[in-house]
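Okay, here's the structure, questions in a sec.
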Amino acid sequence: MTDPVLEIRKLTKRFGALTVSDGIDFDLRPGEIHALIGPNGAGKSTLIKQICGELHPDAGAILFSGRDLAGEGSVARARRGLARTFQVSSVAPEFTALQNVVLAVQGASGATFRFLRPALGDAALTGPARAFMERVGLSGRENVPASILSHGERRRLELAMALAMEPRVFLLDEPMAGLGPEGSQEMTAILSDLRHEAPILLVEHDMDAVFTLADRISVLVYGRIIATGTVDEIRANAEVQSAYLGDDA
Amino acid sequence: MKMIKSTLAAVAMLAATTAAYAEPVKVGMITTLSGGGASLGIDARDGFMLAIKNSGNSDVEVVIEDDQQKPDVAVQLADKMIQSDKVDILTGIIWSNLAMAVVPAAVAQGKFYLSVNAAPSQLAGPGCDAHYFSISYQNDNLHEAAGAYAKEAGYKNMFILAPNYPAGKDSLSGFKRFYDGELAGEIYTQLGQTDYAAEIAQIRASGADGVFFFLPGGMGIAFMKQYAQSGVDTPLIGPAFSFDQNILQAVGDAALGVKNTANWSKDIDNEANKAFVESYQAEYGRLPSVYSSYGYDTANLMLSALDKASVSDADAFQKALEEADFDSVRGKFSFASNHHPIQDIYVREVVKEGDILTNKIVATAMTDRDNAYVGDCKM
Amino acid sequence: MFRETTVNTALVAILVAVPLVAQAAGEPFIITLATKVAIFAMAGVGLNIALGYGGLVSFGHAAFFGIGGYAAGILASHAQSYTPLMTWPFAIGGTQQMLIIWPVALAASGIAALVIGALSLRTSGVYFIMITLAFAQMVFYFAVSWPAYGGEDGLPIYVRDKFPGLNTLDPLQFFAVAFACFLLAVLVSVVLSRSRFGLALQGARQNVERVRAVGIDPYRLRLVAFVISGMITGLAGALYADLNRFVSPSMLSWQTSGEIMVFVILGGVGRHFGPLAGAALFILLEHELGSVSEYWQFLLGLLLLLVVLFAHGGLIGVLTRRPHRD
Amino acid sequence: MSAALLIEQALNGLQFGVMLFLMAAGLTLIFGVMGLINLAHGSLYMVGAFACAAVATATGSFWLGLVASLVAAALAGAIMEIVVIRRLYRRDHLDQVLATFALILMFSEGTRWLFGSFPLYLDVPEILSGAVALPGGVQYPLYRLAIIVAGIGVAILLFLLIGRTRLGIQIRAGEADREMIAALGVDIKLLYTAVFALGAALAGFAGGLVGTIQSVQVGMGEPVLILAFVVIVIGGIGSIKGAFIGALLVGITDTLGRFLLPVFFGAFMNASDATAVGSALASMLIYILMALVLVVRPGGLYGAGT
């Protein structure tokens, strides 16, 4: 078996008396989509934030390609290839869609401190940016300000920005949220294609999408992983049934 | 673009005893009329304009502008008055830092500058100029007089303080020039400081037998009020600025009995002064301050010189100014070779006349005092 | 209404035309006023890089304006008194050449901006506003109480510094110098805002989390922007010292910081020519209102308040009827 | 240097700090609840001082004047909130800074128009004038002691108000979440006006108290305002407790710095240079303190974060 790209060991994080990450073990292997599910408040977003470097764990380690990320900030981790989408769409609202993606391409290139040439006149930036927009189905929307894109378009814009990072891991925080059935289907198709780029850690509430996409599923409840396994294993797991899927399964 | 006619182009009305000049004379007055320091500029302006009005001279046009107590604004106003209004004479500046910004450039362009107040040492020594006259004093004068008075009155261990800026430093060195006793302490406070508890505590602890302080404007008001509350009863001596008519009422009884040095007081006994105080009160409904008197004297000096010579003949006009042939409200008045006054400086005491706090002369601190920089001026 | 380019062109045309007309009409003081507009506008262009593009509300730009001014004043005063600026470790004398003074002013204000920015940018929001104000106050009090260069009295330059081939004492020629510097500053601001750096800087203003997530460090971006911003404002300060032939701590006061902000906002935040519109309007008001009433600052305050409350996007926003910049 | 002098200076620092607290409390409250940065807070201080001086002179009673300072500043604050400030809550800090900068100009010139350019008279009431002997041989002005007591009294009242009363609960809720407070059925507009008037009244009260021993003149508010900003930034914006600690810290640092730094430099310089250098450094000391605090804790001592 290949080594995991991302490996989390005994990760613990407390906010006062509340333990939001309770000795979490988790890994992500090349080429897979590993879904993380759990009820609201289980600590999914907190885990993502720790992986990105936005929060610092109290104990445990996060390894990326076998290397401990402790002490690295979010910027450094992004440069290593951790590409992230946010639970609530996070783009630069006054920029056009294209400018947003160009910004991401520029971030990946590592050459930001250039002061003379116009960024939008630089084919090395706009070329890839347009290509990424096409991949997520945003062709023709390049010059629309991000603030007036539809909700679904903004989710895809975020995905384009993640793609532009030439990532080695995708961290996707509820990409289907608020998309409606048709939008979810489109997004499912895009994500399924994305796994060839890099493995995906998928946090998602939409169970249809999770069961369609995921190779493995981990279930997080009150800060603890109560089960990890294939789709069928999780479906069959009694503990998961009672703790989580009970209501709507 | 229509530009900026003068704010107050005041032309004297009564044409009774008018001496008709070859052409009207234009005077530019740059002074502080807004913001916290406005009261000084207003007094100087009112004194100046009163003299012109009383003279009945209608050939003098005065352009008055507000410098907001900002040096850069003062410089630009001077440029405007010289370039656009084409004034012949400039006057009006209250603050030394503004004078330093305006005067050297103005006299370099051949204009006359008559100072109604500010007279920094730089303009009295090597930086003196044939076209620059100070009618008020040289900045150090009142401080020197305080030192002379402290020595005369037998103080042996004085505590001295002033704000930490050039005029403050000049003040303390001026005081020390004539005071030869011990110093119980020497403190520079922050410019614009409002609380003097820390300094008063040090005065209390120092065991001084007298305190000399130079704290102009609101600083002096705050200091004296706080001093009066502190229970320290060491006598205070200061230059007139903190005891002047325009701020005494704000200090209140805290100032009673304090000795201060001044070159003018409303009780100096001469005809010109009586007429000045009377007509000032009649015109503006308040007592004049030292700044009013400087403004008044400045205008009268200027008028006396205009009667003798035309401004366009610079050398003759300069000579006429040097003669100082006018009735000063200070009594005797003449110019030293560096164009600063030779005059008597008095010690005044703050007293109450009815409900109004004012000053009365109790002694003469210095007689025919010129200034310390005469020798440095090569004119 | 009008396109922004039309408004900008008109503004620049007016700024050039006014001194020329004034020259012909023999009103040199109006040229001085126009020069003041150009210089203040340039200080505003500097602040606009931090404020408009970086979203950094600096309430301490007077520090850079004053440091630039003092760089010019100190060099000139040493040149006039023929005393060396320093003798150790190597001897440096004063100078009256603008072409030497300007790089010094740029360097001095740049270094100050680097230090102040490096510390201030650790904070954000109101803290940033206040800490920049505090640093400027520190510099102000230092200038007031440090006796070597005049303290509160300020430092006269007496004769305007020189520029090769020009007579800077002639109002129109000095205006040309100031105007050229202003245009250069606008050019820098335009090029910068469109560059990769400018894109990232503006991205960080809108959404700093997103900029981090694409692997760009906003701290470094902002620090560089702050330094460039401080340098441009510093150069404007050097020119202002020459305009007045005088520098004083009032250039460093918090009111000056406030006024530079006013130019930017009056004209329209984040617009290349906003500071020009703002500075021109401010100086026009200052002079016109002064003749209306002794209490003209009240009217100025009222007008300013109305602009902030009701005229979104500043003067250029109103003229173009586009409250938001492109 | 005697112990008595040191005690006296410490008391001076305390008194200065308490006065700064009155200013800073209003600022920090207004920022905490409404997220508004108000540069015109110093103008309210000036309004208080002028009201106190005018009424005290007209009626001959300092105490009526002090009441007037509270009422006038609260009223001015309420009017200011309703006419102008209310429109600024949803704006960014930049607009707030500028609008309140404009208000300073209007207040200053308006006051000058009403009262003239000359400073006003205001004196300590008879009953509080003079100095008292404290244990340890310290002579201390009674009025300053009264300021310390009054300031600490107001601080306690304020803590009780915030901690124990309905208004306090609403204020704290308002800091946490504006939506929630609206859901609680509180009239948010009224609450904001009330908080603003309360902050204004505190500033006016400080103006009346301190105007008595300082110069009542136009422009008196701005130096205090800048110090108050330093205080709340050090304490952490929005925190009353932080404002209190910050105010004492600034008051004592400033007072002792002005006193001790020249002494310190006197140890290895001649007296004149030492006072000049010491004073120069002392005037920058609190800004240095502020920079240090922010470098270590960018959100201030009791701040919720940046």
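Letters A, B, C and D name the chains as they come in the text, with residue numbers starting at 1 for each one.
Throughout what follows, contacts are C-beta pairs under 8 Å (C-beta built on N, C-alpha and C of every residue); 3 or more make two chains touch, one makes a residue touch a chain.
Just so we're clear, the structure is a prediction, and the values are computed from it rather than from any experiment.
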Discussion item. Using the touch definition from the top, how many steps at minimum link subunit A to subunit D?
Written reply: 2
Worksheet entry | Centroid-based (C-alpha) most distant chain relative to subunit A | B
Fill in: subunit A and subunit C, separation of their C-alpha mean positions in angstrom
44
Discussion item. Based only on mean CA positions, could you tell me how far subunit B sits from subunit D in angstrom?
Written reply: 35
Worksheet item: Rounded to the nearest whole Å, what is the centre-to-centre distance of subunit C and subunit D, using the mean of the C-alpha atoms as each centre?
Response: 32
Worksheet entry | Interface hub residues of subunit D, defined as touching at least two other chains | 108-109, 112, 276, 279-280, 283
Practice prompt. Would you mind listing the residues of subunit C that make contact with two or more other chains?
Written response: 141, 144-145, 147, 295-297
Item to complete: Return all touching chain pairs.
Response: A-C, B-C, B-D, C-D
Worksheet entry | Residue ranges of subunit C in contact with subunit A within the complex | 191-192, 194-200, 202-203, 206-207, 209-217, 220-221, 224, 324
Fill in: Parts of subunit C lying in touch with subunit B, wherever the complex brings them together
18, 27-30, 32-33, 36, 141, 144-145, 147, 150-154, 156, 158, 171, 240, 244-246, 248, 250-251, 287-288, 290-291, 294-297
Worksheet entry | Complex contacts: residues of subunit B adjacent to subunit C | 1, 3-7, 33-34, 65-66, 70-72, 75-76, 79-80, 83-84, 96-97, 100-101, 104-105, 108, 120, 164-167, 169, 188, 190-191
Worksheet item: What residues on subunit D touch subunit B, complex-wise?
Response: 1-2, 4-5, 8-9, 12, 15-16, 108-109, 112, 116-121, 123-124, 129-131, 139-144, 210, 212-220, 223-224, 255-256, 258-259, 262, 271-272, 275-276, 279-280, 282-283
Item to complete: Using the touch rule from the top, collect the residues of subunit B that touch subunit D in their complex.
Response: 34-36, 38-39, 42, 164, 169, 186-190, 192, 194-195, 197-199, 201-202, 204-205, 217-219, 221-222, 225-226, 228-232, 246-247, 249-254
